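Questions regarding the structure given below will be posed in turn.
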């Protein structure tokens, strides 16, 4: 499957915290920087997310803001 | 200013393409990976975005999906 | 690739309208209902979108609102 | 009320799962396909969502991605 | 129609700028503060948006970030 | 820090409701109108959000819909 989302960053799952309907998943980029994702708990389970698993953080370009100091 | 968005990745502007109301901005992470952002042309100009400028790509955690191979 | 987005609707491309940076893509569900998507023009081209092509409309659950009459 | 969101799909509520602040609502399209929505629990209650209720799944076009096999 | 989006701010259209596929619409709150919206040009036309028209700016709660100084 | 998000509304925190991973934060504009935000509980804590605190509600323009009566 090829998706229109322009941003896909390869990362490793570091921590999964489940709520009642959503899960917070912290992943780590190769350079050590963390990315935080909120997805449904059902998706977290469907994807078999657990510490150490290789994943891609996927973000639609229109959801990326830019900031300057 | 400190914002609730959990993801801020330091990057360098590589290319700015202006449309009538939106601009596409390609930025590069230190590891060489690219991030694409769509913001309004007015914002791109207000921030003075141009090739080589240091910026942060900012993404709300609820806008980050995860994928597995 | 398996993605966390909970919604994937199989559809057929009906019309692609390119802007300078974004494209509007109208797709049709099997029941005849239309879905409209705004993606970057680069993505529309990368996916080879053209009238008649089979695609999936993908939506993260947190981007689906509900309304009642 | 008429809203700018381009996508409104008529559906029937199948299941509501409440968390502390969000609810996951599964709705079913006439063709049997399911759509999952995450809204605040307060909204789910304000709209009186319950199994069997007719609703519309509403999605802004810029939140629809496209994928190809 | 009643929608799950928690935020609806009454405002007056101040300016509409059309691109090829999207329009930027600036609206003004009663207190004079401006809100900027990007919607499809088709939606801007369907809603008959023009200077002076009364509208509601509608935002899903999960799309509102918070910042502190 | 200067961000590309076009909408920043000064407000006062009225109520914070924590879930397992997300928090719902209700803020009040100077005119008395409320805005509801869903952010991660970690962000709510990092920003020190509590009743009476001055904050800014930040919304990317592409996440603002418009509606007419």
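Order as written gives the chain letters A, B, C, D, E and F; numbering starts at 1 within each chain.
The working rule: a contact is a pair of C-beta atoms (placed from the backbone, for glycine too) under 8 Å apart; a residue touches a chain by one contact, two chains touch by 3 or more.
This structure is a prediction, so every number in the text was calculated from the model and none was measured.
> Need the graph distance between chain A and chain E over the touch network, please.
2
> Name whichever of C-D, B-C or A-C reuses the D-E interface, so over half of the contact pairs are the same residue numbers.
Interface equivalent to D-E, from the options C-D, B-C or A-C: A-C.
> How far is the middle of chain A from the middle of chain D, if each middle is the mean of its Cα atoms, in Å?
Whole-Å distance between the two chain centres: 23.
> Report the inter-centroid distance (CA atoms only) between chain B and chain D in whole Å.
A distance of 30 Å separates the two centres.
> Would you pick out the residues of chain A that each touch at least 2 other chains?
1-6, 19-20, 22, 24, 36-40, 42-44, 47, 56, 58, 60-63, 65-69, in rising order.
> Would you mind giving me the full set of chain pairs in touch?
A-B, A-C, A-D, A-F, B-C, B-E, B-F, C-D, C-E, D-E, D-F, E-F
> Over in the complex, which chain B residues touch chain F? Could you list them?
That would be residues 1-6, 37-40, 42-44, 46-47, 56, 58, 60-62 of chain B.
> Which residues of chain D touch chain C in their complex?
Chain D reaches chain C through residues 5-9, 24-25, 27, 29-31, 33, 35-39, 43-44, 47-49, 53-69.
> Of all residues in chain B, which touch chain C in the complex?
17-20, 22-24, 36, 38, 62-63, 65-69
> What does chain E use to touch chain C in their complex?
Within the complex, chain E touches chain C at residues 1-5, 19-22, 40, 42, 60, 62.
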